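Two complexes follow with subunit A in common, the first pairing it with subunit B and the second with subunit C.
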Partner chain A sequence: MAVAKKIPSILSKQISFCPGCGHGVVVRLIAECIEEMKQEKNSIINVGVGCYSLMTPSVEIDRFDSLHGRGAAISTGFKRANPDTLVISYQGDGDAYSIGIGESVSAAYRNENITVITVNNTNYGMTGGQMSATTMPGQKTTTSPLGRNCQTTGMPMKFPEMIASSFPEVAYVARGSVTKPAYVNKLKGYIKNAFEAQMNGEGYSLIEVLSPCPTNWGMSPVESHERVNGEIEAYYPLGEFKLREEK
Partner chain B sequence: MKVIVNDERCKQCGICAVNCPKKAISFSDVINMKGYQPAVVDDALCIGCGICYTMCPDWVFEITGE
Partner chain C sequence: MSDMVKGNHAFAEAAVRAGARFYAGYPITPSTEIMEYLSTRMEEVGGVFIQAENEGASMNILTGASASGVRCFTASSSVGMTLKQEAISHMADSDLPFLAFNVVRYGNGLGTLDTGQSDYHRDTRGGGSGDYRCIVLAPYSIPEAVELISVGFDLSDQYLVGTIIHTEAALGQMMEPCDMPEMKTVERRFGAIDGTYSHKRISPLTRNRLEEAVEMKERYERIKANEQRWESEYVEDADYVLVAYGLAGRSVIGAVKQLREEGHKVGYIRPITLWPYPEKAFEAVNPEVKGYISVEENATGQMVDDIALTLKKTSQASKDVFALTYAYGVPAMKKIKADFIRITKGEIKEVY
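And now, the complex of A and B:
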């Protein structure tokens, strides 16, 4: 017996991402979780600067385009002014880990009661595919045409592991992916856990999502999914790094 | 009909077709407003599992539940 599945009503218009981009799936999962928790009138999505800034016209809940990298800091302000509101900071790897690493870490350090969702596609997608902190060793980008040299640029950053090990009081930390049906279903569980943790006042929650970027990787959408499932998933293990504690 | 296809949203990325367990998804010959050939679901093969809904990044598919 087939189960009916409807696109959430808060997603009215189509978003104009590239074909095969993973952002569309993440946005839909967030909308599904908001709808299931009946928080449509009581949530703010705080969008950083990146390709995903294109989603703001399509998501019909309160939303805000924050300064580049400052999503976690601005979400802190929203949450402190409206403690009962579901505050989501939606960022990318360049936004949260490169330009805004100070704000991202500080929000976790203060154990601010917000949810940060970062989408990691291993480059700066919006500006044309430059090398970011999460670019894989040897990956060719427009600013590393011979492949990333980790001798001089360091190894890719593992932000969720860093938060989970440095700040053990945070509520929930996990990494998911959008490249297999099972992963998408798991990711929805992670996002729901994070939202529930926030609504129960348990503290900071962070979800990283591995997402393909077919345009900047120079691959077809299907090839880019294979790359995430192979090389990228091997370096960035999926799963939960900090589980919620029963209160 | 088990699946509604909003073909104006489709960008022909092919992720639905690769993940469909029954290989029921192909691409139309008709070009949509964006210039892509949208996905078409073969109703005879479709089992209404919803994997196309789960994987589609452009919100093309809706499962009716029939």
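And now, the complex of A and C:
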């Protein structure tokens, strides 16, 4: 039997991400999880600065617009002031891993009871596709026009691995993707796990999402999905890096 | 007799008594005792205390707390306050109240550990990028600081702006007799973010920033009209008026009293609000006054600019404005008096 998929009621308008962009899927999954957990009137989403800022006119829950990179700190303030509320920090790889790496690491280090969702599209989408901390070796961006030279810029950062190995007491860490239906289902499970861990007071949770940015990669949506499934997934393995513990 | 209390401890306790239950900060001399005190005090009163990874993060943590409608504060010194400016500007953009102590240490960059008044321009002009102001209160004693802390929180809530308690190393470190006010409780700000989505949240994409700018300007004009604070004496017949705030103000009051006894017609204005600048104080001054003298704990002279601007506004633009700058430390009365005499002899040139 066909199942009618309804748009979550907390998304009031269409969001104008580029065709093939992964942000729309992530926003939708977050909204579905909030609704299914009946947290529409008990959630705060703190939106970082990147293309995802485009979601803000549509998301009908308590929301705050962060400074670029400061999401984990601002979310800390929200959580400590509202300890029983679901607090989500939505960020990009530029936002969370470059300008905001201090805040991102420190929130995990404190095992702050928040959920950080980072969308990794291997570049700064909003500002036109500059190199970020997750740009792949040899990838051409507007600030690495000859291809990323890892000898002078370092290797792409693996934030979830770093958090899971450095701070083993955090509640939950996973990396998902949006490029196949099976991945989307799995990602939804990761997000729900993270939210449940937070509502259960288990501590910090982190979900990284591999996401295509066809516009800045100069690819069609299909090509950009293939790139994620191939080269990017090979470097950034999907799965859970820290499992929830029985409490 | 009141108990002797250290400045920084009194500031921290006064903030708690004003109903603040949320502190985030990062240690820096000479303000550190504020957070050391709060590290246990906040727990006693059921509040939140966070030692953040740096000053910027602590201010961003306050952003979340203030957006949640909670009375919150931080403390730092000079270079540490510099790191907070990004968040302070963002809080101004979101109309979020907060209170911050700047226990000033003299100097540029990392600066010194000594007392001074080198952050006047930064603190009175907003401090970060953009087009905003914070209310700036400058106490000259520990009891006055304690009083102004409660006032500052209330003004922040009333006008939805930040308040800086602009004080200096010496006041934070010294001890004075001081009574503490009764404990207050404050409600969370109406309509704040608490997860219940009681109010629609405006998106940065759909904000009407032109309308907001007009409203902000009107709000600032109301602050300027209603919230100027100062102390002054002997200005009606003065030949010279000395102007100084904080501990320099305390020295100036002593110096002016002695100079009066010695036959000099001098008066003083001690600004308590540095922003809004107490322009009204200058309206009561003798129209025949020969000049104004800014006494400051810095090398370049900062507040002297605001005196000159105020004189322009109060139709006294032709008056001479001098600056006695002391970098650094609190100037002694003797030194101020001697330099005043040099001004009367024409040995020190006016700035304006």
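The definition used in the following text is that the second predicted complex is superposed on the first by the 247 of 247 C-alpha atoms of A that agree within 3 Å, B and C clash if a C-alpha of one lies under 4 Å from a C-alpha of the other, contacts with A are read in each partner's own complex, and residues count from 1 in each chain.
By our rule, contacts are C-beta pairs under 8 Å (C-beta built on N, C-alpha and C of every residue); 3 or more make two chains touch, one makes a residue touch a chain.
Values in this document were obtained by computation on a predicted structure and should not be read as measured data.
Colleague: Who does A:His23 touch here: subunit B (first), subunit C (second), both, or neither?
Modeller: first
Colleague: Look at A:His225 in the shared chain and tell me whether it touches subunit B only, subunit C only, both, or neither; answer first, second, both or neither.
Modeller: A:His225 sits against subunit B, while subunit C stays out of touch.
Colleague: If you stack the two complexes on chain A, which partner ends up touching A:Val173: first (subunit B), second (subunit C), both, or neither?
Modeller: A:Val173 sits against neither subunit B nor subunit C.
Colleague: Now for A:Phe78: first (subunit B), second (subunit C), both, or neither, which partner does it touch?
Modeller: second
Colleague: With the two complexes superposed on chain A, say which partner A:Leu206 touches: subunit B (first), subunit C (second), both, or neither.
Modeller: The answer is neither, since A:Leu206 touches no partner chain.
Colleague: Please indicate which partner A:Asn185 is in contact with in the superposed arrangement: first for subunit B, second for subunit C, both, or neither.
Modeller: It touches subunit B, and subunit C stays clear.
Colleague: According to the stated criteria, A:Asn46 is in contact with first (subunit B), second (subunit C), both, or neither; which is it?
Modeller: After superposing on A, A:Asn46 lies in contact with subunit C but is clear of subunit B.
Colleague: Looking at the overlay, what does A:Met136 touch: subunit B (first), subunit C (second), both, or neither?
Modeller: A:Met136 sits against neither subunit B nor subunit C.
Colleague: Residues of subunit A that sit at the subunit B interface in one complex and at the subunit C interface in the other, please.
Modeller: On subunit A, no residue contacts both subunit B in one structure and subunit C in the other.
Colleague: Would you mind writing out the residues of subunit A in touch with subunit B in their complex?
Modeller: 1-7, 11, 14-15, 17-25, 28, 178, 180-181, 184-185, 214, 220-222, 225
Colleague: Spell out the residues on subunit C that touch subunit A in their complex, using ranges where they run on.
Modeller: 22, 24, 48, 50, 52-54, 56-58, 60-70, 72, 86-87, 90, 94, 193-197, 200-201, 203-206
Colleague: Within their complex, state which residues of subunit B touch subunit A.
Modeller: Residues 2, 8-9, 11-15, 18-19, 36, 47-51, 53-59, 61-66.
Colleague: How about subunit A: which of its residues touch subunit C in the complex?
Modeller: Subunit A reaches subunit C through residues 40-44, 46, 53-54, 56-57, 60-65, 67, 70, 73-82, 85-86, 102-103, 106.
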